[in-house]
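These notes open a run of structures that come right after.
The same chain A turns up in both complexes below, where it pairs with chain B and then with chain C.
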Partner chain A sequence: MDVLRFALRKLLAGVPLILGVTLLSFTLMVHFGPDRTFELLGKNPTTEQIAELRHQLGYDQPFLLRYGQYLRELLTLDFGHSDATGEKVASLLARSIPVSLALVLPGFVLGNLLGVALALLAASCRGRWPDRLIMAAAVFGMSISFLVVIFVFQIWFCTSHGLDLFPVRGWGMADVPDYLRHVTVPTLAVVFVALGYNTRFYRAVIVEEMERDHVRTARAFGSPPLRLFCRDILKNCAIPIITRITFTIPAIVIGGALLLETSFGIPGAGKVTYEAIISGDQPVLKAVVGLTAMLFVAALLVADILYRVVDPRVSLE
Partner chain B sequence: MAGTALLSVRNLTVEFDGRAGRLRAVDAISFDVLAEETLALVGESGCGKTVTGLSLLRLVPQPPGHIVAGEVLLDGEDLLALPERALRRLRGRDIAMIFQEPMTALNPVFSIGAQLGTVLRRHQGLSRRAARARALELLEQVGIPEPARRIDEYPHQLSGGQRQRVMIAMALSCGPRLLVADEPTTALDVTTQAQVLAEIGRLQRELRMAMILVTHDLGIVAESCDRAAVMYCGRIVEMRTTAALFSTPHHPYTVGLLEAIPRIREERLADLPVIPGRVPDLAQLPAGCHFAARCPRATDLCREVVPAPLPTADGGLVACHHPYP
Partner chain C sequence: MSRSAARDAGDSPGHDTLWRLAAHKLLRDRAGLLALAVVGIYLLAAIGVWLGWWAQEWALITGSKWGPVSAEHWFGTNIIGQDIFQRGIYSTATAFQVGLLVAVLAVAIGALLGAVAGFLAGGWVDEVVLWLLGVIDAVPFYLMVAAIAFALADYPYSMHVAMVSTFWTGTARLVRGEVIKLRGLEFVEAARAIGVPGVTIIFRHVLPNTFHILLVKFTLVFVDAIKSEVVLSFLGLGVKEGMSWGLMLSESTLEFLAGQFNNLIVASSLLFGLVFAFNMLADALQDALDPRRAA
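Here is the complex of A and B:
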C-alpha cells in the first residue's frame, strides 16, 4: 500500500518533468525544425498557395494549441503518419522498437552481469595480479572505438578471413536459431565495449564499500569471502548499480544502437530515429522525443522503488 | 587472578605502507591474557592499541598493513600461522570483537536479526528458526527493550547505545573465550557509556570470558580492568595490575598520563599538568626509547638504547632505564 502511494506520488512528480521536456523540445522543433511548406510546394509558389498549405499543415495555429495537440498525441500514442513514408508512426515504432530491444538487450544484460562479476573478482584481489589484469583489460576495451570493434568482429566472425560463422548483415527473429545467428556478433561487440566501462565503474563502487566498518565486522565474525562480496558488500552497492542500469534503459529502447543497426543493416529504432532526423520527419521525431521523456520518468520511478527494496534507509515518505 | 594464559602474544610486529616507506605501528610487543581476566590496552591515539587488537584475528587490512613478525597463541595454537579457512572458523566463535563505531559497524542493509542469525548459523550450525529464537534471547540478554520488535529493525532505526548492545549480543552469541573490545564506548554519550560498560562487565562474568579492552580512557581502566598495558608509539612501556599502576606508576609516561587526568577538586584547571612535546611521527621515530624526547628523566642512554621490559617487584613489567620507584 505504501509502495503504491509512493509510486503514485512519484508519477505525479514526473508530470512536470514530462511537460518541461516536451515543451522545450516542441518549441525547438517548431522554431528551428523542418518546415515542409516549400518542400511540398516546389518552385515559385504563390502567397495564397503558401498560406493554404500552412493552414492544411496546421502551422498557422497558435503555439499553445499545437502543443496541446502534441500532448494529446503522446497520451493516445497516436502520432499520425510519417512524412517520409506515410506509414503510421505508431506502427513504425511498434515494428522497430522490439527489434532494437532484441538486438541490444542480451549485450546489455551480459555486459552488466559480467561487469559486476569481474568487478567483484578484481575488488576481492585488490592490488594483486588478477585485479591489475582485469583493470588493464578494461582500459584496453574502453580505448578501442566501437566502430573498429564492430568491423573487426565482422571480419573475425562473419567472413572467410575469420570463422565465417554468422551473416555480416541482416536481421531475423523468425525462430530462435535465426535470432541467435543474427544477434550473436552484435552482442559480442556490445559486451566488448560496455564491459570495460561497467567493470571500472562497478569496481570503484565495490572498493569504496569494502572499506566500510561493517565489512570489517563481517570479517571479524568469520564471513567467508564469497558471502562477504556477493551478499554483504554487493547489497550495499545496489543503489549505484540500479541507477546506472535503469537510466540506460530508456536510451536503449528509443535510441536503439545506431552504430550497430547501421553496420549490421538492422531495421531498429536507432535507424528510424536517425533517418527521421536526417529527413526532418517531424511526426516521428515528436514521438521519439516524447516517448524518451516518458520512459525516463518511468525509469526514475522504477529506480526509486528498487532503492527502497534494497536499502531500508530509503524512506517512502 | 592466578590462572593460565589463554592468549599469549609474542613479539607481535605490524607495519604499514606509508608515503615515506614502512611505518612500524606495533613494535615487537608481548603480553598474556589470562582466562577470565580483563586486560586494558591503553594509550593515546596512534599508539598501536587498535592495530594490536585487530592483529589478533588478522583483521588489519592487508595491504597496506603487514604483520611482519610474532605469534598470537590461543591455547598454544598460533593464529598468525593458521590458514585463512581455519581462522575464519575461529573468528567470532573463540575470539569475538566489538568495535568503536556502532553507527557503521553493523551492515546497514540487513536487519539486526538477520545479522545475528548469520553468525549463529555459521558458528553454531543452528537452523534459521533456531537462530532467530536464539537471537531474540541474546537481544533480551543485552538489554534491548522489545526484542521481538527490534529483531526485524535495521541498524539505522536503533540508537547508538542499542546498536552497541546489538554488537555485544553478536560478539557474545557464540560464547567466545576472549572478547576484544576496541573503544566500545567512545562513540556513546556518557550515561550510555556507563550502562554499556556495566553490561559488558556483567556478561563477561556470567560467560567467564577474558577480555582485552582497548581504550584511551584511564577512568574505564580503573573501573573495569584487572591489568593494564600502557602503550606508547607501538611499544608496551608498562604493564601492571590496575591497582599497582595507579598507586605506584613506574614509567615516566604512565606518570605523565596519570597526572594529566583532571580532578574535580583541583582549583585551577589552567595548572593541569601536560606531558611536554608531542607524540613523535611514526616515520621518524627516535632510536632508543621513543619517549626520551618528552621524558623528564631521560639520559643519553635512553636516546641510544631501547629499554628492555624488566619485571617489577609486583609481577608487572616496565620498559624504562630510569623508572620511578
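Here is the complex of A and C:
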C-alpha cells in the first residue's frame, strides 16, 4: 500500500517533467519547425488550396490548441500517420522497438557483466600492474569514437579487406543463426565502446565499498571472497548501479541505437528516428520525444522503488 | 569593509593553497604532463590554421583521385584529389572551435545556474532549475540537436547551441551539490552575518570554491563536444561550413569498398589523439585537485 501511494505520488511529480519535455520539443520542432505546405502542394496552388491544406495540417490553429492536441495524442498513444510513409506511427514503433531491443540488449548485458568482472579484477589488485593496465586500457577505449569502432569492425569482420564473416548491412530474426549472424558485429561494437566507461564506473564504486570498515572486519573473520563480494560489497554498491542502469534504458529503447542502426541498416527505432529527423517527419518525432519522456519518468519511479528494495533505510516518504 | 575582510581571509603568500598543491602534484605527474603537451601541440596546430600558417589548401584539388602517400601529399588524396593531411589539420581547428566554445559556455551556464540553485536550495528557484535539468536530460540528444537545427533554420552554429543547451546540466548538478555543502560552512555564514548581499556571496565566496570542479568538467565537456561533433557531422546534423573529422569520416564511407582507408586513418587517429590526451589530462587534474588526496 505504501509502495502504491509512493508510486502514485512519484507519477504525479513526473507530470511537470513530461509537460516540460513535450512543451520544449513541441515549441522547437513544431512551432518553429518546417512548414510543409508548399512541399505537399502541386505547382501553382490556389489560395483556397493553400488555406485548406494549412487547415488539414493544423497550421491555422493557435499554439495552445495544437499543443493540447499533442498531449491528447500522447495520452491515447495515437500519434496519427507518418508524413513520410503514411504508416500509422503506433504500428511503425511497435514494429521497430523490438528490433532495437533485440539489437542492443545483448551488448548492454555483456558490456555491464564484463565491466563488473574487469572492475573487480582491477579493484582486487589495486595499485599494482593489472589495475594500471586495465584502467589505462579503459581510458584508451573511452577515447575511440563509436563511429570509428563501427567502421573498423565493419571493415574487419564484414568485408573482404578483413575476415569477411558477417553481412555488412541488414537484419533478420527469423531463426537463431540468422539473428546471431546479424547481431554479432553490432554487439561487439557496443561492448567495445561501453566497456571502458563501465569498467571505470564499477571500479570506482567497488573500491569505495571495499574500503569500508565492515568489509575489513568480514575479511578478518575469514569470510570467503565470493561471499564477501556478493553480500558485503555488491549489495552496498546497488544504489549507484541501479541509477546508472535504469537511466540508460529509456535512451536505449528509443533512439539510443541510432548510430548503430543507421550504419548497419537495421530497421529499428533508432533508424526510424533518424529518418524522421532527416525528413522532418513530425508525427514520428513527436511520438519518439513524448514516449522517451514517459519512459524517463517511469525509470525515475522504478529507480526510486528499487532504492527502497535494496536499502531499507531509504524512506518512501 | 566587507571587501578587506574577505581579502584578509584569503590565503597569505607561502601558504599551501589547493591550487599550489595541485600545480605541484601535476608537475610530478608524468602522464598528465605528457597529455598537457599533446593538447598543446594540437592547440598549436589549430592556432596555425586560424592564423593562416598552414593547411589553407584543404579545399583545393591538388592531386589526382586517391593519390598515394607521397612527399607532396603526406597521407595521399581523397576521392576528388584533395590533400587528406591538410584536411585533417584544418579539422583540428574546427574541433577546437567546437570544443572551446561549447565547453566554455556550457560550464559557465552550468556553474551559474548550479550555484544559484544550490545557494537557494529548497526555494522555488532551485525547483525551477531542477525541473529544467530533468526536462533537458529527458530529451534524447539527437532529437534535441535536430529540433534546435529546425528552430534555428540552417544557422551554422545550431549544433553548438544544441550542445551547450544539453551539456550544461552535468556541471549544474555537480556545482549545485557542492554549493549546498559550501553554504553551510562558517565563511558563508560569516559573510551573511556582516550583511554581504547574496549575489556577492555567490560570486565572491562560493563560486571560486567550485573552480576545481569546473576545470575538470571543462576538459570532460570538451571531449564530449568533439566526440559528438564527429557523430553529428557524420549524420548530417553537425558542421555545415568548413571541414571536420566527422565530415572526413563520412567521406571515408565512400572509399571503404575501393580499399581506400587514408581518410579513415587520418581522421580517426587525430581524433583519438586529442580525445585520449584530454581524457588523461582530465584524470590528472582530478587527481591533482582532489582535496582528499591533496591532504
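Please note the rule applied: the second predicted complex is superposed on the first by the 305 of 317 C-alpha atoms of A that agree within 3 Å, B and C clash if a C-alpha of one lies under 4 Å from a C-alpha of the other, contacts with A are read in each partner's own complex, and residues count from 1 in each chain.
Methods note: a contact is a pair of C-beta atoms (placed from the backbone, for glycine too) under 8 Å apart; a residue touches a chain by one contact, two chains touch by 3 or more.
Everything numeric here is computed off the predicted structure, so don't read it as measured data.
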item	value
Chain A as common anchor, with chain B and chain C clashing or fitting	fit
Which of chain B and chain C A:235 touches, first, second, both or neither	first
Partner chain(s) touched by A:188 [first = chain B, second = chain C, both, neither]	neither
Touched partner set for A:245, first chain B, second chain C, both or neither	neither
Chain B versus chain C as contact partner of A:34, first or second or both or neither	second
Partner chain in contact with A:218 - chain B first, chain C second, else both or neither	first
Partner chain in contact with A:312 - chain B first, chain C second, else both or neither	first
Contacts of A:285 with chain B and chain C, given as first, second, both or neither	second
Superposition-derived comparison: chain B or chain C, residues of chain A touched	C
Minimal inter-chain CA distance - chain C and chain B, angstrom	10
Common ground on chain A, meaning residues reached by chain C in one complex and by chain B in the other	none
Interfacial residue positions of chain A with respect to chain C in the complex	16-17, 20-21, 24-25, 27-29, 32-34, 139-140, 142-148, 151-152, 154-155, 159, 161, 250-251, 254-256, 258-259, 262, 273-274, 277-278, 280, 285, 288-289, 292-293, 296-297
Residue numbers on chain C that touch chain A, as the complex places them	131-132, 134-140, 142-143, 146-148, 150-153, 227, 230-231, 234-237, 246, 249, 252-253, 256-257, 259, 261, 264, 268, 271-272, 275-276, 279-280, 283
Of chain A, residues touching chain B in the complex	127, 211-214, 216-224, 232, 235-236, 238, 310-313
Interfacial residue positions of chain B with respect to chain A in the complex	57, 59, 61, 63, 88-93, 96-97, 99, 101, 104-111, 118-119, 122-123, 154, 156, 167, 170
